[in-house]
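Structures follow.
The following pair of complexes shares a single chain, subunit A, combined with subunit B in the former and subunit C in the latter.
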Partner chain A sequence: MAEVMEKTALFEFLCRMGDNTLILGHRVSEWCGHAPVLEEDIALANTALDLIGQTQLWLEYAAEVEGKGRSADDLAFLRDVWDFRNVLMLELPNGDFGQTLMRQFLFDAWQVVMLGHLVRSSDTRVSEIAEKASKEVAYHLDRSRGTVIGLGDGTEESNARMQAALERLWPYVGEMFASDETDAAMLAAGVAPDPASLRAEFDAIVLPALAEATLTVPEGDFAHKGGRDGGMHTEHLGHILCTMQWLQRAYPGAKW
Partner chain B sequence: MAEVMEKTALFEFLCRMGDNTLILGHRVSEWCGHAPVLEEDIALANTALDLIGQTQLWLEYAAEVEGKGRSADDLAFLRDVWDFRNVLMLELPNGDFGQTLMRQFLFDAWQVVMLGHLVRSSDTRVSEIAEKASKEVAYHLDRSRGTVIGLGDGTEESNARMQAALERLWPYVGEMFASDETDAAMLAAGVAPDPASLRAEFDAIVLPALAEATLTVPEGDFAHKGGRDGGMHTEHLGHILCTMQWLQRAYPGAKW
Partner chain C sequence: MVASVEQVWDWLDAVPDPEIPVISLVDLGIIRNVAWAGDTLQVTVTPTYSGCPATSIINLDIETALRDHGVEKIELKRQLSPAWTTDWLSDKGREKLEEYGIAPPQPAGGPERCPHCGSTAVEKLSQFGSTPCKAQWRCTECLEPFDYFKCI
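Up next, the complex of A and B:
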């Protein structure tokens, strides 16, 4: 019984990790061909590719743990909204370039902290994925942090846009640090830390950067929730799935 | 052989009629809850419903003529881009309210003329559908014509927007009057007029209204083509299908 519980919790945990990178990867890929300058366009496309690559690893393992014969592709392309476990922030529309980079920065910081713990996971497979992903994510954070500071401490226009982005996104930050029985099971098994315990490390990365960017952190700790536990996604996720899953829905099992 | 040819042409013709109303109906429905005033919101939603209702009639008959066991729903929700036969103008994004109404006016005028001929079709089923649809479309035209005139001959801002809409859409008008071997077969069988022969009647409706709207008809007769013959749709159609077909693709055969 305990083993079944833990397997269920591990599957859930892996879906959370993989759905975060899948949905953000898809969102970031929407910028391809639309970024303000070529270098940023390529950087965003590379970030998206890294995230989709990480998705492959997380969902491949999730599918194995589940043991029902589903593949990573099946999980990505054949689940409906209510089975997705990404945090809500990542499914929001991109907004402008500043908002996209602000979201990237907030998620990168969380991911750096989370992966930093996961490399010491009791689950070898989890620690291997974290090891590989953390190299990519360190670079993502370096880049998004620099852009947030550059645009925040930039012109009047860019500062106002970054401040607006921060205010739009801040109420979605708290969900990354929510924890429930899945997290308790992962902690007990030594697989993953309790997300709630990561906030101080996150703040240590994010707050100084936002200060350097001359941005004001919004007050209040209200947090939108419902993504990572699948309780209630925003309407945007359904639209993402329409686009993202159409090919596999229209041509089931298509390969190339 | 002649009968097979005619059946194929009739199926093609019916898909053209039904796909026009399907795709425009879907586009217009996107306004639901977003129009500038409540009355316009309801009017647009009603127009969309009329168009979808006409689609049901056209594609139901198309499916019967085809005789392969497909239903109207199958044609609407399970064909891919290359099998759609709507003119390109109808799959373009809505743009602003003015552009949406300008497109509606141009299509309404075409539809009024076309249906006016189809009520005398040698094919009883076609004439019956045309009879029913023409009552709705007369009302659509009355409304879109009034709005085009009101906004064109309105404020500086509304006039500029309507002129921009006309310039954007005008190069897509010509496709409604293109004709090919399908049209020749329909003409020979007395089913439908040659679209090319309808331009004078269309101009007689459209040009005086545009003049009254103080709008300038763009010069040149370049016409985008590739929709009604399925040769090359715009990229927008694929995005429409993602949204429009997702449910039937994700849950094949779903009923309620």
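Up next, the complex of A and C:
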């Protein structure tokens, strides 16, 4: 019984990791061909590519753990909204370039911290995926951090946009540090840390950068929740899935 | 007649990277092991970047090359850890990259010199480039832009 529960929790945990990178990867890819300058367009596409690659590793393992014969592609393209486990921040529309990079920075910082712990996971496969992904994510953070500082401490216009982006996204940060029985099971099994315990490390990356960007962190710790436990996604996720899953829904089993 | 492991390494050293054909898969450092398990040839490959679209082509190219050399049973194994690092690029590979116009990776995080004119006056244009493994730089002496192989 304990084994069954742990397997269920592990599947849930892996979907949370994989759905985060899948949904953000898809959102970031929406910029392809639309970014303000060519270099940024390429950077965004490359970031999206890394995220989708990480998704494959997480969801492939999730599907194996589940043991129902589903593949990573089945999980990505054939689940409906209520089965997705990404945090709400990642499914929000991109907004402007500044908001996209602010979201990237906040998520990159969380990922860097989370993956840093997962490298020491008791689950070898989780540890290997984390080791691989953390190299890519460190690179992402380097760029998103630099861009947030550059735009925040930039012109009056760019500063105002970055401040607005921070105010829009800040209430979504708390969900990344929520914890529930799945996290308790993962902690007990030594697979993953309790997300709530990661906040101080996250703040140590994010707060100095926001200060350097001359941005003001909004007051209050209200957090929108409902993504990582699938309780209540925003209306936006359904629209993403419409685009992302359209081909497999219209032509079931179609192959590249 | 079963090919020796050394022979197989030589064959794989003749398989070009699909995106940067001047270097081989062995130069790139992604072939981690070659071994016979009975009559099956096991080749262990590690991805450069987890989302690199060339990965599936690389596997296909390995299989095709080995079949052309008469190997019938092939098993490709994926290894994630230790994660690929540009430290595994061969010296031969680094030289060929530079001849081709791509500055090889440096621990300092930026190219040592312009691969076209050799000037050390270079500046970064973007942390990302035309493939996941490259960034865009420019020489402020000869003014030519060039790719830099990211150091990870």
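Convention: the second predicted complex is superposed on the first by the 256 of 256 C-alpha atoms of A that agree within 3 Å, B and C clash if a C-alpha of one lies under 4 Å from a C-alpha of the other, contacts with A are read in each partner's own complex, and residues count from 1 in each chain.
Heads up, the rule we're going with is that a contact is a pair of C-beta atoms (placed from the backbone, for glycine too) under 8 Å apart; a residue touches a chain by one contact, two chains touch by 3 or more.
If you're wondering where the values come from, they're calculated on a predicted model, not measured in any experiment.
By the touch criterion defined above, A:L241 lies against subunit B but remains apart from subunit C after alignment on the C-alpha atoms of chain A. Contacts of A:T216 after superposition on the shared chain: neither subunit B nor subunit C is touched.
Contact with subunit B, but none with subunit C, is seen for A:D80 once the two complexes are overlaid on the shared chain. Between subunit B and subunit C, the partner in contact with more residues of subunit A is C.
Touch criterion met: A:R249 reaches subunit B, while subunit C stays clear of it. Once both structures are placed on chain A, no subunit A residue is touched by subunit B and, in the other complex, by subunit C.
Residue ranges on subunit A touching subunit C, taken from their complex, read 39-40, 42-43, 45-47, 49-54, 56-57, 127-129, 131-133, 135-136, 139, 142-143. Note for the complex: subunit C touches subunit A at residues 47, 49-53, 80-83, 85, 125-130, 132, 136, 150, 152. Residue ranges on subunit B touching subunit A, taken from their complex, read 80, 239, 241-243, 245-246, 249-250.
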